[in-house]
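Below are two complexes that have subunit A in common, paired first with subunit B and then with subunit C.
Moving on, here comes the complex of A and B:
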């Protein structure tokens, strides 16, 4: 069943469905079309109205250490020794010992300890951008469960995970076995991820206290509780934040990807 | 083109930074009934600080209370950093706690009514910090933990945004209790306007989760003229009751039990953060001693019916305020974030059990021992 119970059915047009089929054979790092649709955000947007999301492409896995290292070879100004302090806290790439080595440690693990600025720069160079908060959440919540019990069990697991990340033994991208119905992997269970508008303007109006969690319980299930923790945690970041549990993946506009394909 | 894009990104980033710091009006100090209000705006900043996470002369580890070795009022420079720490809270039950200063509960701060506190806190949750190396720096708390590491604290990291809410402070929460991201620090002043024992805790949502994960402690504000008793107490101890909501994780460690926390079904209810610590290391006194307990129920969600088996509370000051005096109480009922200062005469040599008389809590750990030696006077 769809965990987003009590929600208007997700709208999928036939054309994007066709495009989607082409992308189902994705591998690690592939860009997958997430068809347009709608979802219920935990944010106090238009009351009761689902949030509409246009089609977009999203990396099926988070950006890895190896991918980020390749980016650094072409963009020396983002190497730790060169990054100005206005773009990142001191912890930037702190888990990396060497940014020049070919044999980078844990090449297939997601890159973390990168600031929002750095994540932006990476995605720009990849011809994309960070996903918006709504795009990321919409994709993350496109998960199917066998039963309500399964959904509840998943939500409980999610809460435990948000209390204790095992960042000492982080897995490779694609290793969590968690993916949405289009094959976008690891939006949970591996790292937290930057989004373009991680601190929406409405954040300032929300009084961040216990009541905030309460009023974010719109979906009426434990899943939305985890979502509220995620939203609040993300809203509290600085764009310079470099957390050992925060990485990113890139999104791409549909037109950009179509241009790319027609140029091939 | 690239540089234009980068500049645009920077501007957006700065806007995002700015959203949380829309100008707060600088209020000026004023007094009502001898109490001081109107603290300067809190400062959020970054610093290279990597020293002891707890700094200040009057910070101690439970059940100790540092004596106030000064006359009148003073300004305390206090630092309590936020660090993650793997701790043991019952035999074989370890989890990665979110802490103030490295233990659960955090350090006890002792000040006098009317004192001013200049408080600094760095969110070092993404930094491995060791609290068990002997050090003369910092505070009595650091030395006491190094000498008596009953939680077997080991460094850990778990980057999360956090904040500090001192119940002993009277300020605007959207300024002083602001949430700071890992790597950020906050500094603000507050004045201890009211005598009593007050909890402090993280106020970042989910507050239930943050406090259940370990982010709470106590400030003891001694009345400026003391309690009107005509006697000195022989012993003084601080007791904090709190709940843990833990379940076994995939490895050796325990994890947060979301359902248990939601349904108020704690895995452990404890005194001073550990299921058996007040039996393993009993409080000590002698027959005929007057013992003062500063008891705080830090919750997050339960109540405490605090009782001592074999004793009657001679005097009780609810919330620790000298005006709230009661006499001859068998049990003091404390709601979540409520406290009492309790004087008890120890009747005779023997064993006295401190207990939450809500027995479901007692059986989950909320008990301790006061061991009384023979009468000396």
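Moving on, here comes the complex of A and C:
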């Protein structure tokens, strides 16, 4: 704060303060507009035609333990002791000591060990929904690289991340330094994330064998190999799965956000 | 070589994850055959639905008798009418006395187009605006949750149509999945006997 007052002119101080507040709100839970566009999926049925994605809003970071805990205070039916087994396997929130409001371990880490049903209910209560698989993948590949070498290096980092998942030492949200050009953070490097339709309709035709990766499209970019891995991992999920490496973030329809803003 | 090594490691991980789920899954199936599985009722889904009569309903309203569920969308002119007819075939195959007891839920996953008004017209067009039949809509999240519970997959394509599974499900009196008929134009004999046996048990 001393630094701020030393800069002197009040106007500047206010601007800096405003900027700082903007940064702070950006750390957790800011909803960012991802403009419409298209991308190439690794799914075999697409055959080179880009997938069109309409504009949508996406949380800039994954939902944190703290945020999830706040949700639990208002939605007791999602507390581990109350949740019916049709909505989650036993591992639901297994790394939480308890679900009392005042005592949250690692509040700024992404919440994991949540089933699809729980993630879906959270986003619904936040006035949103889970991003669709295509929305998530589209946003994930909206990254800019200075050079082909940078992109290659990033691809290598991705691969080593997917093969050495360390959920013991998970960082806080926003800590990976990886973000797309609109400021959506940590789609890689932190956790896997639930999407609304995590088993694409064609998934039944694809089995989890060693040939599957080979049959997926090779797009020749930084993402395709890692993307194949994500698709295959997702296909192994059940909506009741509660993996310690899987969390989520929410998406919002553009109309919903515009309504919200006009009501303010 | 390193890449290959990574692929193998990852696939092994993925498979062990999958194996774990299969294990859990079979545990679920075992539970399903016992009497102590009211936990697995779809009626845990505490959502508000609106039907084609513009009335608010919840799934638990249908407790106490078997229910036939199909998921469809109104603009689907080729496959969905067959799916709805499949539900009708099943419904009309049981005795009239049974028909009076059971309900049919046709849930649309096209929330953009299938308003209660559109659903009413659909029901009238299909000549199924009859007692015991409910053409329903709700929040996207609730519809997706129901689909997950039933095992119905759907995803919107860029042309506004949906890729989706074709499934007729029979729920028992507690809302547990009693019978699934996958595909179009399938024989309904097993589903019919399932409904009849549940009703016979209930009327004892």
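Note that the second predicted complex is superposed on the first by the 229 of 264 C-alpha atoms of A that agree within 3 Å, B and C clash if a C-alpha of one lies under 4 Å from a C-alpha of the other, contacts with A are read in each partner's own complex, and residues count from 1 in each chain.
Here is the rule we use: contacts are C-beta pairs under 8 Å (C-beta built on N, C-alpha and C of every residue); 3 or more make two chains touch, one makes a residue touch a chain.
Just so you know, these numbers come straight off a predicted model, no measurement behind them.
When both complexes are overlaid on chain A, the residue A:229 reaches subunit B and subunit C alike.
By the touch criterion defined above, A:132 reaches subunit C but does not reach subunit B.
Look at A:159: by the touch rule set out above, it reaches both subunit B and subunit C.
In the superposed model, A:51 makes contact with subunit C only, not with subunit B. Legend: residue contacts after superposition of the two complexes on their common chain; A:86 is shown touching both subunit B and subunit C. In the superposition on chain A, contact is made by A:246 with subunit B only, not with subunit C.
In the superposed pair of complexes, A:117 makes contact with subunit B and with subunit C alike. The interface of subunit A with subunit B overlaps its interface with subunit C at residues 86-87, 89, 116-117, 120-121, 124, 159-160, 163, 165, 199, 201, 203, 208, 210, 213, 225, 229, 232-233, 236-241, 243. By the touch criterion given at the top, residues 86-87, 89-91, 116-117, 120-121, 124, 155-156, 159-160, 163-167, 198-199, 201, 203-204, 207-210, 212-213, 222, 225, 228-229, 232-233, 236-246 of subunit A touch subunit B in their complex.
Only residues 3, 6-11, 13-15, 17-18, 21, 24-25, 39-42, 44, 46, 139-142, 144-145, 148-149, 153-156, 158, 163-165 of subunit C touch subunit A when the two sit together in their complex. Considering their complex, residues 51-52, 77, 84-87, 89, 116-117, 120-121, 123-124, 129-130, 132-133, 159-160, 162-163, 165, 196-197, 199-201, 203, 208, 210, 213, 225, 229, 232-233, 236-241, 243 of subunit A touch subunit C.
In the complex of the two chains, the subunit B residues touching subunit A come out as 2, 5-6, 9-10, 13-14, 16-17, 19-20, 22, 46, 48, 95-96, 126-127, 157-161, 173-174, 179-184, 203-209, 213, 247, 249, 251, 253, 255-259, 262.
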